[in-house]
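In what follows, chain A forms one complex with chain B and a second complex with chain C.
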Partner chain A sequence: MSRLPRASGHFRTSYAQDFRLIQTPLERRWLAALLVALLTFPFIASPFLTDLASQALLAMVGAMALMLLTGFAGQVSLGHAGLLAAGAFTAGILFRETGAPFWMTLPAAALVGAFLGVVFGLPSLRLRGLYLAVSTLALHFLVAYVGGEYESKRGFSTGIVIDPPVIAGKAVTDPRAWYFILLTAAVLTLLVCLNLLRSRSGRAWAAIRANETVAEALGIGVAANKLLAFVISSMLTSLAGALFAYYRGFVSVEAFSLFLSIQYVAMIIIGGMGSVLGAILGAVFVTLFPYLIEAVMQLLPGAGAYAGVMFAVNYAAFGVVMILFLVLEPQGLVGIWRRVQTYFLLWPFKHKPVAGARR
Partner chain B sequence: MAELEVEHLRLSFGGLTVLDGISFTVEPAELFVLIGPNGAGKTSVFNCISGIYPGKGRILFKGRDITRWSPRARAKLGIARTFQHSELFPHMNVLDNIMVGRHARIDTRPWAEALSTPGVRRAEIAHRAAIERIIEFVELEGVRYADAGSLPFGTQKIVGLARALALEPSLLLLDEPSAGLSRDERDDLARFILRIKHELKLPMIWIEHDMQMVADLADRIHVLDYGRTLASGDPQSVLSNEAVINAYLGKA
Partner chain C sequence: MRAPPLLRSLDDLRSMTAPALLLQRARTHPHVVAFRAKKRGVYIERSWAQYAALVAHTAKGLAALGLATGDRVAIMADACEEWPVADLAAQSLGAVVYGIYPTASAEEVEYQMRDGGAVAFIAEDQEYVDKILPLAERLPALRHVIVVDETALFALEHDKVTTFREMVDAGRDADHAWLEARVAQVKPEQAAFIVYTSGTTGHPKGALVSHGKHLAATRSVAAQYPTLNAKPHRTVAYLPLCHVLGRDIAVTLPLLTELVPHMGESVEDLPNTLFEVAPTVLFTVPRYLQKLASQVLVGISGTSGLKRVAYERAMAFAREHVKRRWTGSPSGATEAAQALWRALVFRPILNKIGFDKVELVVSGGAPLPAETMAFWHMLGVNVVEMYGQTETAGGIIAGQRGPFPRPGDVGTVPEGFEVKLADDGEILVRSADLFDGYWGNREASDAVFGGDGWMRTGDVGEWRDGKLKLVDRARDFLVTSGGKTISPSFIENILRASPFVGEAIVFGHGRKYLVALIEIDFDTVADWARTNDVPYTGFTSLAQNPRIEKLIRDDIDKANAQLARVEQIKAFRILPKVLDPEEEGEPVTPTRKVKRNQMYERFKPLVEAMYDDKEERLLAESATGVLA
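Right after this comes the complex of A and B.
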């Protein structure tokens, strides 16, 4: 993932500099500002907004995991909700049956995720594109079925209730504490993704995505690296599912419908395929979107009359936005961001110099 | 001992025989050129050597029988190749394209990569330095960070060559490296090939249609026609061979 430095007068003089995630002093300053903003946010914002931010952070973990798999390794998956459900149910069932604390249920969820990653990934060795998507879809229903069976057989037909995790002798119920837990999870996921993408595995995934035959001829283990992408993505997703279970304090199959998978796919498309930043932007956008629509509806005259059709309007608007992005901005939000960035970087000029004119 | 021995290589797709018992050997540091008309089976020979097509017969590399080996295992052993249409990864920059070619020589573990351990950093930096030497070798310094897909075709071919060199190969397969190149670019290419031969002492199999280049540079020429060997030997005798002139070169 080595790229051209995005500032004039900034020259790299060592290979170590080439490998760094933060390149310029300006980038460091912006990042520090962002960090300060993120850390102070829950103290300024209302509990409702803090909860919203927490939801977005949770979605980011799942979206980055899916981006790793689909946007970078090129493996389409519609089973994302199934993996989230697997993590949530692992945490829920372990808690219900054994009373295990969260520091045991989270690793267990990761293990289950890794195992399911292999299972979800095996079809990818033979299938591509739409066919692979359908096979992952089948597994989604399998996980949902197992979860549903557990619920009804054990008499939790409305869902499994989970107690909040206990950290340092205190139950975590405060929205602010949750915000920080989920922020940590999102930042760690981001680092894991960026680290993988700038090293050998990330390059192998990009090569496989572009051309499997060539990748194989260059000495890349295509099968092993595909499975690796599935395993890592599924582990992260499953962890996100377990965190979701604890955050909501409640696990139920209804929460993990096919629509949730579609929402995650929408996040990486709207955000911008093949970009980690895209996954983050997409997660924020898709999480906030229904609230945005609601807010707009409230502003319309006679708002009370529309309350009943809110759901329908939400779905329809979501569909329209999806189509608009696919048609008008296939690079997603990150494409817009890059254009803005380039504009300021090149100002007062309009175009980049032609890349790679030899001599 | 010969570097590569190909014995009675046969390949067919259904009823179509593509290669019909080809045999040749490549000596250390030899520039071995494969020529022949379109569809003679030149690229198929490459695909058999690099393991993409399952050919019948025997392929020995440094005395080891690699006929049943996977493409990956062969790459690890040091068989690197370029492709006719360069087949770069268009959305990756030149540096990453070449780094992909080095994949088999990097041995970091994914779990360590995820945490970016000091060991992984050291390895990345060391391999980055090695890649830079190759970039210098083929004079791609100006386009290091450019997306491979945005480069002119001739430059892409050179990046393809660099990607093959990144493996630190012990045998190099060049599939029509000069096709689509301008006169100047061909001069550069010839220079690189000679430097690879004399400085890196690599044996090469080179598929080529530019007879001037072949006559000037080749140590030995092997002519294929309809999957059979038409002639084989030093440039002088092969290029004046009656059968070769009739099948491929034509009369002036």
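Right after this comes the complex of A and C.
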């Protein structure tokens, strides 16, 4: 991680300081401002916007989990929707069958996720790239099949209804309360990811992504670390799925189509591969995108006439945006963010002045 | 809790030694940070107690090697933790320390080893070991070569070579009391160290300085800049410690004031060290200020759009503002405007080079060009100039107190020193705290002291409003065939103001006009070449490129505009190679002062060529304007 501080006068007197998440007072101030903004948001925004924000926060958890696996450990996965479904169904089935409270269903979902992570991580020891992606697809269909079977055999053919979770004796139904629950989940996921990445496993993953053979030669347990990446990523995703189930109050196999997997892959590509911030930005972008398209369509003359094709337009626009990002901005949103940041960090220089540039 | 004030009286200091001061500091401020030295990426903090312990261990280790009172120890190293530690350790034993420039050539090393007669040679790493070992047989006095960084030494078997670590380990059982007992035996009037002056003529002379006088003399720096004792200050120690200024910064001033030196991992890493440390006080030589200023200017020249507009507006304002500041009449409104420009433009610039927290930059060692000082003043950096000599034992003859003094003079004379001008303008200094004389060179010592108690500096000065102004250093004048007396260093300074000129040497003694040899500043010129699509492969190809010649010519024309007719440079040549003091027979001293005579000998064809075809060429040149 060892990045240089952005402002002068921050020298380290121990290695522990090298690992600090917050390096300079300026960073601390910006972070505090962001936190205040996030905490006051639901009290200012309309319930619709709060719901939108909650969706984005939920997507962030899944996107960060996928970023860990694909963006950092370099293992492609198309089974993301399957894992979300696994988490959602675990919570749904446990609730339906045993009436278990959410503090039991969530860990159970995590356990199922971890198990699936091991199972579907195993092919990654032999397969790479496209072949691995195809093998993870199997996960998706497997979970979808099991979930569908359960639904039809138990007579919930339209889906499983879940009661809202009860915290401190009160059922959580208020959008604001959900916003804070999901914000906490997203922040915790973020901290887990950042801590993993600045630790031994994070460095091992970076090495594996760069070159497996070299990583092995460096003494990194490639197999173990790959599996670890799958397990952690799957656990987080499964948890996100369970949260999704509670948030919607409803689990149905239709919600976890292959398109959802594509959306998550899109999040990390649009956000910017290999960056946790990228996963966050990508999750926000992909969540808001359909609403954005809808808003644009509303502005067009004769808006009513397009209502029927909205769905198709959405898909098409999504595809176009993906292609544009891949062609024009492979670094994703985080690349744009970094360029803006660099502009101000270098101010009033254009490039680093000679002294620094030589390094 | 600060029982005795840090800055003691002159009399107090005259009766003390640096190791004794260290022991006192370790008693009164055991847990306060004395210095920080970067090793493997982190700045290791040493408290005064740890510092004293390190010195005690090293002193005992040195004693175990047989070092006794009056023995000489040579240290060849860049600014690093072990330099001050070894220095104070040797001083504690009554030994005399001298430093050899890390950039010194083998011939120079041999001369200083022979002249100083060191019994121990402390080398920073294998590079210096390689320099000393071939000479070891020819130096009868040399008994030990002690190596600090032993990484490249494996499989080296030599009966004189020991490692610094082994030596310190041998003295591990020494404590403060042991050190105290040894230090008590060292008398303040005993010799403490030798500083070799980088003579631009002949071999360097070793100025011998005693303990008490050095402390009392260095007090003048602390007295001239009271901020050093007002609060803790961070500084970066990077100047070679074999120079008296480098020693003041890394060893003596921290003992007298609250200055905390920071040493980078390597001297080449200085830009990074400055950035990380963001010093609040910086002592430097003009060369670094010029180089940094060039880097800022070249960096800005490549910027565009809003950034350029902001910079130009800010500079336009600052240009007027410094003039008001120098005359001492800035109004509240202009101060506010300057503060705004500082926040918008100057602070971000200074931040990149680690200068945004600096409150005081003291330039010494060589004359600081007025343009350079003005530039830093515009950016809001309080640069002041001081004037001292090796012979003033670490003290200064004069120093600008500031803040933001008008460039041109070197300020007022501090407490403890008296200055008068001889009839011919030579600056004469009298003080109780000067050096003891040149090592093994009675004649030179007598010549400098002259028998009347006034030390001859060899520099020519004049008084201006109670402030000392240096007219020329070391009476380096040349007289043209037209009979005009000209100070080449004055012109060279103006030439060096160009960011692209690294070194300029002016010739013209007994000639019709002045010419110059120019060494380009590789970094800035290469940067310019890249942004302007000039292809090059290395220094020589860059130096010979016609577009670079044009670039330098434009800057020389600019400089000529500031000069009187007789002082103008009529022709110049760009040196095809870098001046490297480490090379044998190169016409620069280890501090990169140019030896003018040797320079002429070395590059005679280049210089003469400027006179040969000159008339024809001048004619042709003026004609092209007409014909084109």
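Just so it is clear, the second predicted complex is superposed on the first by the 351 of 359 C-alpha atoms of A that agree within 3 Å, B and C clash if a C-alpha of one lies under 4 Å from a C-alpha of the other, contacts with A are read in each partner's own complex, and residues count from 1 in each chain.
Heads up, the rule we're going with is that contacts are C-beta pairs under 8 Å (C-beta built on N, C-alpha and C of every residue); 3 or more make two chains touch, one makes a residue touch a chain.
The structure displayed is predicted, hence computed values, not measured ones.
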Which holds for A:S201: it touches chain B only (first), chain C only (second), both, or neither? first
Regarding the shared-chain residue A:R176, is it in contact with chain B (first), chain C (second), both, or neither? neither
Classify the contacts of A:R128 with the two partner chains as first (chain B alone), second (chain C alone), both, or neither. neither
Answer with first, second, both or neither: which of chain B and chain C does A:I220 touch in the superposed model? first
Per the contact definition in the header, classify A:P348: touching chain B only (first), chain C only (second), both, or neither. second
Is A:G9 in contact with chain B, with chain C, with both, or with neither (first, second, both, neither)? second
Chain C versus chain B, contacts on chain A by residue: B
Should A:R248 be classified as contacting the first partner (chain B), the second (chain C), both, or neither? neither
Contacts of A:D18 with chain B and chain C, given as first, second, both or neither: both
Could you pull out which residues of chain A sit against chain B in one structure and against chain C in the other? 2, 15, 18, 355-356, 358-359
Chain B-touching residues of chain A, taken from the complex the two chains share: 1-4, 15-16, 18-19, 191-192, 195-196, 198-204, 206-207, 210-211, 213-221, 228, 232, 274, 355-359
Which residues of chain A touch chain C in the complex? 2, 5, 7-15, 17-18, 346-356, 358-359
Within the complex, chain A is touched by chain B residues 50-52, 70-72, 75-76, 80-81, 83, 87, 89-96, 99-101, 103-104, 106, 108, 110, 113-116, 120-121, 124-125, 128-129, 132, 142-143, 145-147, 150-152, 154-155, 163, 167
In their shared complex, chain A is touched by residues of chain C numbered 36, 38, 41-45, 262, 271-272, 274-278, 292, 295-296, 298-300, 302-304, 307-308, 310-311, 345, 348-349, 351-357, 523-524, 527
